[in-house]
Each structure stands twice: as C-alpha cells, then as structure tokens.
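Quick heads-up: structures coming right below.
Two complexes follow with chain A in common, the first pairing it with chain B and the second with chain C.
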Partner chain A sequence: MLHRLSPQTIRILALLVVLLLVILFFSTQVPNYLSGRLFNRVSSSVAIMALIATAQTLVILTRNIDLSIGSVVGFVAFATGSLITDNPDLHWTLLVAFSITLGMFFGMINGFFVAVAKVPAIIVTLGTLALFRSVLVEFSDAKSIVTANLPTWLINFPNTPLLEIGTLQLRASFAVAVAVVLVVHIALSRIRIARKLYAVGSNPEAAEMAGINIGLTVFTAFVLSGALAGLAGFLFLARFGTITVVAGLGFELKSVAAAVVGGVNIFGGSGLVIGALIGAILVDLIDSSLVRWHLVSEFWREAVLGGLILLAVTMDTLVMRSLAVWRTARSNSKEDRRANVQSP
Partner chain B sequence: MTKGLNGWIRVLVMVLALVVIVNSSLSEEYLSVRNQINLFQLSIEKVIVALMMTLVIINAEIDLSVGSMMGLSACAFGWLFQETSLSAEWAILVCLIIGMLGGALNGVFVAYAGLPSLVVTLATLIGFRGLARVLVEDRGITDFPEWFDAIGQTGLIGPVPFSLFAFLLLFAGLYVVLHKSGFGRKTFVIGTSRDVAVFAGIDTARHKMILFIGSGMVSAFAGLLYAARVGAVRGDVAFGFELDIITMVLLGGVSIFGGVGSMFGTLMAILIVLNLRNGMALLNITGHIQTGVIGVLLITSVIATRLDLGRFRLRKENAG
Partner chain C sequence: MCEPLLRLENVTKRFGMTTALQDMSLDIFSGEVHAIVGENGAGKSTIIKIMTGIHQTTEGRLVIDGTARNISGARAARDIGIAAIYQEPMVFPDLDVAENIFISARSGWFLNQAQLHAEAQRLLGRIGIALDSSSIASGLTLAAQQAVEIARALSQDVRILIMDEPTASLSAHEAKQLRKVARTLAEEGVAVIYISHRLEEIFDIADRVTVIRDGIHISTRPIGDVTSEGMVSEMVGRDVGNYFVKAPSTVTSNSLLRVEHLTREGIFSDISFDLMQGEVLCMAGLVGARRTDVALALFGINPSSSGQIFYKGRQINPSCAREAMDAGIAYVSEDRRKLGLAMPMSLRSNVSLATLRSFVGRWGFLDQSLERMTALEYRDRLNIRAPDVELSVGMLSGGNQQKTMLAKWLRMKPDVLIFDEPTRGIDIGAKAEVHALIREFVANGGGAIVISSDLPEVLAMGDRILVMREGRQMGIVNSTETGQETIMRLATGQASVEAA
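Right after this comes the complex of A and B.
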C-alpha cells in the first residue's frame, strides 16, 4: 500500500495525522476544547498566514526566498486602508483589485532584481524588506488607519459565516484562503506554465535545456507571490482594522516556517501548497492551544513551537530518507528476482 | 573569485569615503572622538556578531538564531542574577555556556543530521526567543551590579569602552583564523564545495559544529554586552537583529552561496553602515528610513560590482 503513494501524498497524510493527534492531545488537557468555537477561532486567524505561506511556497519552489513579504502585507494593508478611508463609497471589487495589483507591483520589483539583474533572492528581498517598510513609514506620515474610518462591510467581512453547521462556521476569510490554496494547488499540478516552477526549482540546468525560460519563470513566481501577499494585506486590513507602520512585521520568517513544516523543500523543486496550508494551520493550532493549556505558562508558547518545528523537519527528513532507501532496496530485489528467472 | 572580491572592496572603500566626506561637511561634531565612539557603541552588539557570521556564511551556512540567542543570554543573565544566589561573574559564565550549548544544538542538526541551516536556525530563532520569554516573562530586570553596568556604559581606557576593545580583538582573532590558518582555508574550501572538502579528507561536520558553537558563544557574549550597556533586560532584547547582521555581512562582499568573502570586507561594510546611520541621524532621518537606505545600498552594491564598466554590461561569470 505504502509504495503506491507518492512521497508528497504520504507527507500530507502524515501532516493530517499529526494535526489529529494534536487536537486529540489538547482535548484531553483542556476542558471544552473540542467545540465549534475552536474551529471558528483557528480558521479565522489562519487565513492570512495561509495566503502568505502559499505565496512563500511559490517562490521557494523556484529555489528562491521572499523575505520582503511582511513589508508587502503591511504596505498593502495600509495603502488599501487609506484608499477606502478617503473614498468610503468605493466598490469592493475595486478595492480588492487595488490590493492585489499593489502586491503584484512589489513582486515585480523583487522579480526584476532576481530574474533580470541576477542578484540572489535573499539579498534582494533582505533589501526590499527594509526598503518597502521605509516607503510605508514615509507614506504613512506618522498616521495610522483606524477602524472607525473603515466601512462596516469591510470590518464585518472576515467573520461573515458563509455556511453554518451547528456552531461550526465557515467564515469568509477562511473560505477565501482555502479557495486560493485549492486554485493554486490545481494550477501547480495540472497547468503546464505552473509545472515550470517545479522544473526550475528541482534542476535549473535541465529546465533550461528543456527550453524553459528560467528568468521569466522566476519573475512570474515573484509576481504571483506578490499578488497573494496583496490579497493577504487586504484580509489583514479587514481583520484588524487598525493598521500602523509595523503591520506584518516578522511575517517573512513565519511564512517560511509554515511552508517548511508543511513539507516544502527549502532548496526548491518539491512541496505542495496544501502542505503549506496544513503547516500554517498546525502552527496556528498549537500556538492558540498552548495559551489555553494550564499545565504550562503561556510564555512557553514560542519555546515549544520552535522545538516542534525542529522535530517536524527532522522527522520529515529522516522518514523521507529511509523511505527512499527502502524503495531502492525493494526495486533492486525485484530486479534481482527477475534476473534470476531469466538466467537459469 | 579573489578578483571579484577586490573589486567589491574598492566599491566599499569609495562608498565609505563618500559617506565620511558628506558627514563631516554636515556637522563639525561628526569627526570628534566622542561621536565616533558613540556611533560604534550604539550598534556594538550587532557588529560583534557580524564578525562571526562572516565565517558561518563563507562556510555556506547561515545562523538566523543569533538575535534570539543574544536575547536568551541577556535574559538568562537577568534571571540568574535576580532569582538565584549566583554572583554576576558566575552568571556570565553560565550565559556563555548557554551560548555554547545553543550553538551546539544548531550544529548537531546542521552538521550531523544534515538539515538545512536556514530551517534549523529559523526553528531555534523561535525556540531561543521562547526560552528568553519563559525566563523573564513580561517583566523587565534591572539593578545589576555597578561594575557590570560600567562595562557597557563607561570607558575602559580613556573614553573607549570595553565592548569596542572586544570588537577589535575579535576582529584581529578572526582575521588570523580566517586568512592565516588552516581552519580558515578549510572554511573556504567547504564553503566552495562540500563534496570537494569531503574528498580532501576534511571532517566537514566537525568544522561546521565548531563554527555554530562559535556563533552561539559570540551571540551570547554580545547579549551580555547589551545587558550591560542598557542596564536592563526584557524578553524582546535584540529582537529582529539577525537580518541587520546578515545585511552587514552580505554588504561586505561575502557570498550567500559560500566560499567568497573576507574579514576586511565585513569591516568596511560595518563602517559604512554605522557612519551612514550616524550621518542620517544628523539629518534627522528616522530609523526605518535609515534601514531602507541601507537596503537599497545592499542591492545596488551587488549590481555595481557586477558591472563591467569598460563594456557596461553584466559580467557573465559572476551572474547567478
């Protein structure tokens, strides 16, 4: 049975098992843990991180990294907020389009330096991490966006239940995030252009020989990642309402952590965005459950989280390695048997 | 490889000269001894860690956990001093051992389990910071012994503080290690190609282990200096320092892919960043904008060193 599944599928199944175990564990520790409220709480807080982890995954697949993602989310949230504050009657589609376009613009800047000027992505995005944030500080003029100036439809949007089963609510922000992840997942597994991201990441030389334009592929990855970061900025604005110049600070490393826990290879070429989504959910679930666990003080949250990430990645690497060894041995013994039959 | 680096250092020296000239025309106070020492002291913890980070990156690894280790060491010092009967001297020793153990933890996962250092140190970045918060929770700890605060706040010889001597000493030490010793040659070889290093019989795992332990100890030391300079610790000491530190090292011409770099380049980059920040502060430019300018400088300097001015196009062999 195990040998028929692809490593990626095994990984997703393993992540789901871990997710289940975490829920089971905390339900024995925290009274009234398993309830509709748990789902509602985690699903609405994970939406932003799920989008950012997906954005980060697109870039990591091509052997690059985007450290500027937190600054992009912060800038987009602020700019979108000031746009709607100045024009309260703006149609929502225009507002969303504005967020996404602005995010794409930042993605283009990163993509240009990485794909055209051939500067390593970690250097470019380390630079634009600081640059975009400083543009935001200049643009904000020491003001902040406040909830009171935002239209009510925007504030109500993230928590609007689209579907209700008992106390379980499928809220709009989570629905948006899951829809985006599914679309990206299907595109990455079915569409030729999107498959190029894997080709470029797993072996650039081979991809080039196969006629893939590497620069264009990397550029596209950054632009798409920017678009998703822009959408995340919109959700950030809707969820928090009050936006200051520090919005989204530190998201860059959190998004990498979620992607890595979700089994995305940091050296590119392998990983699923669904994995990144489950990674984000896992991190968020553990984070919010530890707060309610009375046995440890809430200050243990980060320490436990760091340890768990290390554990997850180590397990993943070791299991995948032994799986590869086991499969080679298995196929070798099959060939041996066949060879024995042929030569009596 | 060396040729490219020399070109880079030329660019850095020119940028530094420009910054110094502009700054000194802006303010008479700028070139005074007091201001020059002050400019170092404000970021002395970061630049000390940047020296060690140079070796780690040349070795084709990265240590993102340095800022959290600085925080952990400072908080551990505060906790030991307040909650236990340990004297401050012993607390310092324990903190350095914590740095060693933290570095060893990174090292084991990177060198022996073979996990990417970006991932391992990202996890310990979160974990070490978590431990720091466990120790001090949301308190601030202060009232350290007078001699301890004096280490960070007053001059050791004349106006020059202990931390600046420590920086110079560490620079000299690491210069010898990296450029004049077998250990340094191995650092470059492993950074250029780990496979070649393995075939040459170098124990690459042990080498990486030593570098990560060194990085942890230097970070712990820098965290103690921070506690002494500020005279108080909180859970968020040195939060987010890792990216500033890595920016300085990369600006100094160290290749993020390993195998290329020099202590002198890092020193130049440190001087540029410190003097540039100081000059911008003289012009009343705030912290976030200063960081933005340094970000632009980082990207442009990478492109500038690639430009072949004779033909005015990107040189192929360096690209990628």
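Right after this comes the complex of A and C.
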C-alpha cells in the first residue's frame, strides 16, 4: 500500500495528522479552544502566511531562497497605504494591480542578481532584505500609515464573510489566499513551463542538457514570487491598517518554515503548494495558539517556530532516506528474482 | 549507402594547449549502429560533446543532411534530433516517468495528464520496456532510468542517438535488453552511435566500428572485417617506450599489504594481491573496471563486505579514512577539484590538512610557522612551482596542484600510498616528476598502488600490474614480461590469466 503512494502524498497525509494532533493537544490545554472563533481567527491570519509560503515555495523549488520577502511585503503594504491615503478615490483594481506590480519589481531585482549575475540567492536576498527595508525607512519619512486615513472598503475587506455556517465564517482574505494557492497549485501541475521549475531544482545539469533555459526559469520564479509577495502586502495593509516600517519583519523565517514544514525540499525539485498551505496553517496555528497557552511564555514562540523547522526537516530527511533504502531493497529483490528466473 | 546523416569533416578540438581531437572525419548513416572504440582519453567523450553542442569545434565542421550546421548548444542538438544517454542517466529524480520523458516538449500550454501518461506508455512500449509511467524517477533502477532517457529522446523525434558506455553499470540481463532496444531503433532508421569498452557487445550489435586513438581517427570498418585482436592493437598501437624511462626495481620480500578475496557486494569481487615493500603495483583497466572502488575499500571510505586485508601481517578492517590513515595507508584521489584539494585555501593549509594534529602547538592553537616551514620544505623537495606558500592552490597549474596533493599525503609518512590516476591531465614534464616521486617513495621503504589508464605509464611505473575488468581481477602480470596488448586483452575480457 505504502509503496503505491508518492512521497509527496505521504508527506501531505502526515502533515494533516500532525495538524490534527496539534489541535487536539491545544484543545486539552486551552479552555474553549475548539470554537468557530479559532477557525475565524486563524483563517484571517493564515491568508497572508499562505501567500508568502506559496511565494517562497516557487523560489525554493528552483533550488534558491528568498530572504527578502518580509521587506517586500512591508514595503508594498506601506507604499500601497500611502497611495490610497493620497488618492482615496482610487479604484480597488488599480490598487491591487499596484501592489502586485511593485512586488514583481522587487522580484525582478532579486531575479536579476540570481539568474543573470549568478550570485547565490542566499546572498542576494540577504542583501535586498536589508536594502528594501532601508529604502522603506527612508521613503516613509518616519511616518506611519494609519487606519483612519484608509477607505472603509479596504479595512472591511479582509473580514467580510462570504459564507457563514453557524459561527464559522469564510472570510474574504482567506478565500483570496486559498484561491491563489489553488490556482498556483493547478498551474504547477498542469502548465508545461511550470514543470521547468521542478526540473531546474531537481537536476540543473540534466535541465541544461534538456535545453531548458535555467536563467530564465529562475528569473521567472523570483518575479512570480514577488507578485505573490505584493499581493500579500496588499492583504497585510487591509488587515492591519496601521503600517509602520517594521511591517512584515520576520516573514522570511515564517515563509521558509511553512514551506519546509509543508514538505517542500529545501534543495529544490520537489514539493507541493498545497503542502506549503498546510505548513502555513500549522505554523500559524501553533503561533496563535501559544499566545493563549499560559504554561508557556509568549517569548517562546520564535523558539517553537525554529524548533519546528528543525524537527520537520530532520524527520523528513530520516523518513525519506529509509523510504529510499526500503524501495531500493524492494526493487533489488525483484531484480534478483528476475535474474534467478533467467539463469538456468 | 546514401548520403550520411551526420558527417564530421576534419574536426579539430583543442583545450588550451592540449589537442583532444585532431583532424577527425567520420560519417554516420541513418539505420546503422556505429560503434566508436578507443582507450580512456582517446577522445570519445569529446566527439560526443561536439555532436551534442556542449563543445564547439576549433577547426572543421559538422555536416547534417548535406548542409554544414553549427550545433550551438543542447537545444540546437535537440532540434536537429541528436540525443545522448550516458552511463549515469540524466533524469530528474523528483519527477515521475512521464514528466521526465516530456520535460522539454514544447507544444501546448497545458498538460493533459492522461494523454501524457498514455503517450509515455506508448513510447516505452515501442522500446519494449514495461514501466509504470507514474513512478518517481529516483526510485527506478539505472536501467529503467536509461529507458526513460531513451523514451525522452524518442519523444523528440531523435535521429541520432548516442549511447556512451550505456551498459557499464547494468547487469548482464539489463545490458542485453538495452542492446535490443538499440537494435530496434536502428531498424526504425535511427543512427545509433554506440560507445563501449565491452568488445563482445560491439560484435553483438554494431554494423560498423571506428577506432580512435589519442584524438586521431585510426579506422572505420564494417564489423565483418574486424577481429578483436585487430581492434585492440589499433586501440593501443602507438609508439611505446619513448615516453617514460623504466626505473630500477626496488622490490623486497617484505609484505606490506596483503589482500585476500576482497569483495564489495555488487561492485567488485575476489580481489587478492600482495604489495611488497619497495614495490609499485599498478592497477590497469577500462572505465567501469572498479579500480577506484577497490582503492576506496582499502582506504576505508566504502568498506568491503567480505575478504581480508593484512597490513604488515596484522589484519585490519578500516571502516573510515581515519582508521586507514592511522594504520599508515593514504589515498591520493583522481579528482583533484572535488576530493583532493581545497582550491580556495593556500598551499600551506592544503599541505597540512591531512596531518593537522601534528601542527597543534601550545594552548591548542595551530602552529602556523611550523605549517609554513613544512609547506616550504615540501614545495622545494617536490619542486612545486609557486612563488609563495600563501597562494591559493586554485591558482596553480594542474601539475603543481597534483604535487601539492602528493605533499599533503607524503607529510603523513604513510607506508602504503594509493595513487588514483596521478598523472591525468598534467603535462609530460610534471608526469616525469610525479613518477620520480613515487619511485623515491617506494625506494625509501614504502609501497605504492598506482591506478592508471595510461598503458605506457603502467608498464614503465609498475613492477607488477593487476588488471581488472568490471569488478573482477583478470590477472596480475609482471611488467617486464608483458606488453600493452596483453593488458588490453585482459582489460577487455579477451583473455585471462591466473593470478601470478
């Protein structure tokens, strides 16, 4: 049975089990934990996480990493906020388009250095992490975006219930995020050029031999990732309203955590966006549940996140290795049987 | 026959000072299986790389379907219909079989999974391979991965399929199946270029055979006009004896290393030899002979699964490099860049790397002045041409890098030194110096095992020569009583002698 499932499917199933265990655990620790409010609360904060996890996944698949994602989200949130503050009558489509375009612009900068100048992504995005943030500090001129100056449609958007079942609400921001994740997921599995992301991350040498333009593929991954980070910036603005220069700080850790916990291989080539979504939900659920768990100080949240990454990747490596050994043994014994039949 | 599908016209390829191919002309016709044979380093890989667009010719041209074409890269080669498969398959380990096959297909935006899998099954069926198109590539056997590569080539309407040592890592049964596939494709009109060291395979499937030697075309004949003896003598038939001077032997009767029935399951089996003090034992063989694997077993990197190793009469069983080093065995790798040297580091730190313990001074700090003195001493003794020992070794020439690597291991003062292709890719002057160093080492009471694919070198260096073929010991011959052709016949499995 187990050998029929792909490693990815096994990962997703395992994640769902872990998710369930986490919910069960906290329900014994926190009074009134299992309620519609939990779902609603997690669903609105997970929207942003899901987008940045998806953005990060696109880049990680190509054997790269984007550490600047938090700065991009913060910058886009702030810039979009300034734009709407100055032009309150701007149509919402233009505003969203602005966010996404700005995010793509940052993605192009990262992509240029990684794909064209061939600088390792970890160095490039570590640099732009600081660079984009500093430009934001300069651009903000020590001011903040405040909720009072934003149009009400924007502030109300994230929590608008599209669907209500009892106390459970399907809120607009969550719906947007899930829709985006699904679109990206389907695109990655169905669109021909998307397959190149996997190919480049899986075996760059073979990709080159297969005539795939590696530079262009990596560049595209960064630009798409930037676009998603831009959209996340828009949702960030809508959700919080008040935007300071520290907006999106620490998102690089959270996005990488969500992706690797969701089974995306940090060395590229394998992983599903759905996995990253579940990873994002798990990370966010633990993060927000710890706030309500009185046994553990709030200051431990970061540590738990870090520990979770280590645990997920260690488990993954160990399980996948033994799975590989087991499969090789299986196919070898099959081979032996065949050879025995052949020899007289 | 009609017009050739692909013609190499007077192709010359140089890399810096070395000439890999010299005035090579070759015709490939559709529907033939064309074997190319030659020793290691004869230029076979260069021919493949030129045909697949990885290298460009220095002189001469490629004519395809009667028109001169420039193959600028992998994509251009694919568009013409040239594909290559190698001993190590180039698959995407995380993708499934169907995805691997159609990775560079270009028609249509959307993938129709059902149609892809059906098409994949059809292609695999065409070459008679039963394989589930939804299996992930990393879980497949090498043979299956190669089948995936062939199916990928077919999906791109391949007209010339190059197979480079495709059977070197396969079992006999798998190899036979692969040859059948090659034959089937040729009958469908594909030109198959088949490169193999297994001469019996060539007699099994080739229509024509081209022999190359030292980058020069020697002959192209229909298979019916070729004998294995003729082929072997053409492969090795260069002027011998002028390259290297044979040094006087210093062999004693003290056994340093005794290896009995050493086996590593599925890799090599039943290797037995004695290494005497003062002896140079050469290991000869072709690609896939598994000589390096034997060396790595002795050095503890990939331990053997059965058999015994006696070091100065005491049984040892090294399970990691440290244990082998502590016993007194050192291994100088063939891959300078990957396994031999830390390229960005200085000559000084590379020389001390294997013996760092002995440089730890007071307070546990490294004694840098001792390191420096040692490096300078070895630089002068080994004649490493570097103005200063603080220079990073990446900036030195290949020959000087090789000598730096020797310095690192000589500093360990081992009793047994294993050299893996110690003179590959270095110029003739440096080769002679390396030979002299190895001789000096054994004259001072050491024993050396030298793995080399250069037959004149093997004959000049070795006191005895152990010939391997596909993980088996074909025999041990005395270098004064043997010639290149004998070794080649052993290495290609045309003959075997009982261990001397």
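Just so it is clear, the second predicted complex is superposed on the first by the 327 of 344 C-alpha atoms of A that agree within 3 Å, B and C clash if a C-alpha of one lies under 4 Å from a C-alpha of the other, contacts with A are read in each partner's own complex, and residues count from 1 in each chain.
Throughout what follows, contacts are C-beta pairs under 8 Å (C-beta built on N, C-alpha and C of every residue); 3 or more make two chains touch, one makes a residue touch a chain.
Given the structure is predicted, the values throughout are model-derived calculations rather than measurements.
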{"item": "Touched partner set for A:203, first chain B, second chain C, both or neither", "value": "second"}
{"item": "Which superposed partner A:245 touches (first chain B, second chain C, both, neither)", "value": "first"}
{"item": "Touching partner for A:195 - first (chain B), second (chain C), both, neither", "value": "second"}
{"item": "Chain B versus chain C as contact partner of A:135, first or second or both or neither", "value": "first"}
{"item": "Partner chain in contact with A:269 - chain B first, chain C second, else both or neither", "value": "second"}
{"item": "First (chain B), second (chain C), both or neither touched by A:301", "value": "first"}
{"item": "Larger contact residue set on chain A - chain B or chain C", "value": "B"}
{"item": "Residues of chain A at both interfaces, chain B in one complex, chain C in the other", "value": "none"}
{"item": "Parts of chain B lying in touch with chain A, wherever the complex brings them together", "value": "64, 109, 113-116, 118-120, 122-131, 133-134, 137-138, 240, 243, 246-247, 250, 256-257, 286, 288-296, 298-299, 302-303, 306, 314, 319-320"}
{"item": "Touching residues on chain A, where the partner in the complex is chain B", "value": "65, 67, 113, 117-120, 122-124, 126-131, 133-135, 137-138, 245, 249-250, 253, 256-257, 260, 266-267, 297, 299-307, 309-310, 313-314, 317-318"}
{"item": "Residue ranges of chain A in contact with chain C within the complex", "value": "6-7, 189-193, 195-196, 198-199, 201-203, 205-212, 265, 269-270, 324, 327-328, 331, 335, 338-339, 342"}
{"item": "Of all residues in chain C, those that touch chain A in their complex", "value": "52, 73-75, 78, 90-96, 99, 103-106, 108-111, 113, 134, 136, 138-141, 152, 171, 173"}
